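Below you will find the structure I want to go over with you.
Lettered A, B and C in written order, each chain numbered from 1.
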Amino acid sequence: MYNSSNIIAYVIDAWQKLQQQTPLVQCITNSVAANYAANVLLAAGASPAMIDNPFEAESFTQISAALSINMGTPTSEQMQAMQISAQTANKQQIPWVLDPVGYGAILKWRSDMVDTLLQYHPAVIRGNASEISALAGNITQAKGVDSTLKSDDMFQLAQSLLSKTSCVAISGENDYILSNTMTCIVKIRGGSHLQPKITATGCALGALIAAYCAVAPVHIAAIAAHVHFAIAGKLAYDQAQTIGSFNTMFMDYIHMMDANLIQQYACIELISDD
Amino acid sequence: MYNSSNIIAYVIDAWQKLQQQTPLVQCITNSVAANYAANVLLAAGASPAMIDNPFEAESFTQISAALSINMGTPTSEQMQAMQISAQTANKQQIPWVLDPVGYGAILKWRSDMVDTLLQYHPAVIRGNASEISALAGNITQAKGVDSTLKSDDMFQLAQSLLSKTSCVAISGENDYILSNTMTCIVKIRGGSHLQPKITATGCALGALIAAYCAVAPVHIAAIAAHVHFAIAGKLAYDQAQTIGSFNTMFMDYIHMMDANLIQQYACIELISDD
Amino acid sequence: MYNSSNIIAYVIDAWQKLQQQTPLVQCITNSVAANYAANVLLAAGASPAMIDNPFEAESFTQISAALSINMGTPTSEQMQAMQISAQTANKQQIPWVLDPVGYGAILKWRSDMVDTLLQYHPAVIRGNASEISALAGNITQAKGVDSTLKSDDMFQLAQSLLSKTSCVAISGENDYILSNTMTCIVKIRGGSHLQPKITATGCALGALIAAYCAVAPVHIAAIAAHVHFAIAGKLAYDQAQTIGSFNTMFMDYIHMMDANLIQQYACIELISDD
């Protein structure tokens, strides 16, 4: 049985494995997030590679330890690469994370591709409450690519997605992780209200989940990535309350994370799913 | 009649509306500016979305409060998206800003597209003196994408562009705003000599003009964005004279802007156009 | 005859010319590096332009003082632009730098393009030890786009590439520059172990080599760029040991470089090639 104490122990174990293994993580991501997500992965201990063309997608996914697919600003070539890489990952049992940025009726092209990609069994689907809600079939109130729904209201809807993925991660003021493996929902607190003011933090979080998937069970990977972000955000904000300096410190703490900080600052709560 | 005092009051009003409304701003921009412009818009109070594919351009522009089109590093798909989005914005009376980066004889492909886009009535054309001058029909001395002409020499040429747009904004050591609505030219001082040493600041400024266009009359929007940048640049440089730290502080002050700072630091001068 | 003392004098001379001439440098680079490389070039004194479409490549390369081609995340259009620009540069005797990111059997599409581009005589080929080794015909152990081979073991292999280029630059814990012009290999020490934890530093280094090629002989250009990076990395790390702050300070020192710092901190060693 899971409790917050043994989950934290699993998170620490995942973090340590990430440092030891520096897994190769293929990221097909957007033009806004490419640099930021690569830096977050490097700082966290992984080895990112932003291979996003259809001509190299298959052979590169085959040697990757995990794959992250993000729908931020897709091009036609990236769309082809996404499909090839997701298919390859599924075939080779390489865990992959789907971040359906902007999913909904307005952005039909990407939403259709997300629907297509779901057949390749993403290990984790991560998004904000609007995206997860829309993907779960709800008519959403998303404004552009930012969420207007609170994750607190939304996590039950997400349950229905567990037929298509092993794990659903909803980010917001509080984060929620749902998984086929756990009977409870894991709520993660922390971070800073400045994080949504910095672009691509959600996209980088998706890439970090993929990195953890390379070294830990899927649900632990999702929790570990969110805890990693939440602690780094909290500690950065303790030292820097302005947006530019906060961003610099945030990257510092992504890199300076260690077992003691996780033990001391992880805020995990288990919510019964009944 | 406008004077520097009531213009500052309008700028403060525009800034306040930006905070209240957090308008959705679609940006079709270049690979260098994507992350930076998104962060500037978030820090300033807007909600950016870098939707730049032709398959979602029409439906997304329709729900956007403003649109920013930047010619930095266009792809074929972005070019299609630009045309669709500009056309949609024009049809729906959504204000849009055109930043004709690198306009001139050398970069013919984008310059032809700029000429095409002009039929869709941009609310604001913004650029450095070389770009504005070339667009106004002058043979320019641009070196790559950076300006080699002084804005002071150039603003009269820009008048001729007011048949194609409501407002022309020229950035440089001093900034100049010309508009059909005002009989005078507005000169804005401030900023720091370090700003041209940081890439994509001009592109981010174009996106910020678009954000202000969603909440204020076009000429006030252009002035407000330049004032916002000029004050943030001045205050950042007061505290950090090195380029990396300046850039961090600049983002801080974009975010920390408020009515008092605008009142205290806005340097606006009205130049008679006669 | 070269010795470390006169090489440092040549590097200082190159740095001064870079400040005086601010050469226009065309960069065809990846989505991760675009912003970072542009900022490094601006901070170092050059004038970057990320023109990477095939429709403007020829005319823009013709007016550029140097060209940098980087294989990080190629698109089909960028691939066409690379070939056009490399061909144009070769025809016009404009120096260009090739950074064969990820060269090897796994990433065949780009590797084939690299092989094609070699016919256009790059002035410098730069990469990490894995890439240079693979390009020299060795079966490599690269993990994604990061090197797993030590540059120390590898520089002899690189000699064979001097039939295809004037200069080979290998970055790693120590950097090595080989050239047709020098009978010795130049080893450069410095930098910080944090640099490989920041994405796109290698890509930006390639762009900086191109900038120096516009103002100095090819082998001096390669040495100057590596010395510039090594000193900035060393001085930044002296002041900031965390990754985010280090990155900020690194950009500061790229910008604050001067003749005195080069004289005082350049660590150059000449290794006999026999």
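Following the convention adopted for this analysis, a residue touches a chain if its C-beta (ideal position, glycine included) is under 8 Å from a C-beta of that chain, and two chains touch if they have at least 3 such contacts.
Heads up on the chains, UniProt names are A, B, C = Hydroxyethylthiazole kinase.
Nothing here was measured: the structure is a model prediction, and the numbers come from that model.
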Name the graph shape formed by the protein chains and their touching pairs; answer line, ring, star, complete or other. complete
Between 0 and 180 degrees, and as a multiple of 5, what angle does the rotation take that fits chain B onto chain C by Cα atoms? 120
Separation of mean Cα positions, chain B and chain A [Å, integer]: 34
Two or more partner chains touched - positions in chain A: 31, 35, 75, 247-248
Which stretch or stretches of chain B touch chain C in the complex? 30-36, 72-76, 102, 106-110, 143-146, 196-200, 242-245, 247-248
Residue ranges of chain A in contact with chain C within the complex: 24, 26, 31, 34-35, 38-39, 42-43, 47-53, 55-56, 59-60, 63-64, 75, 77, 247-252, 254-256
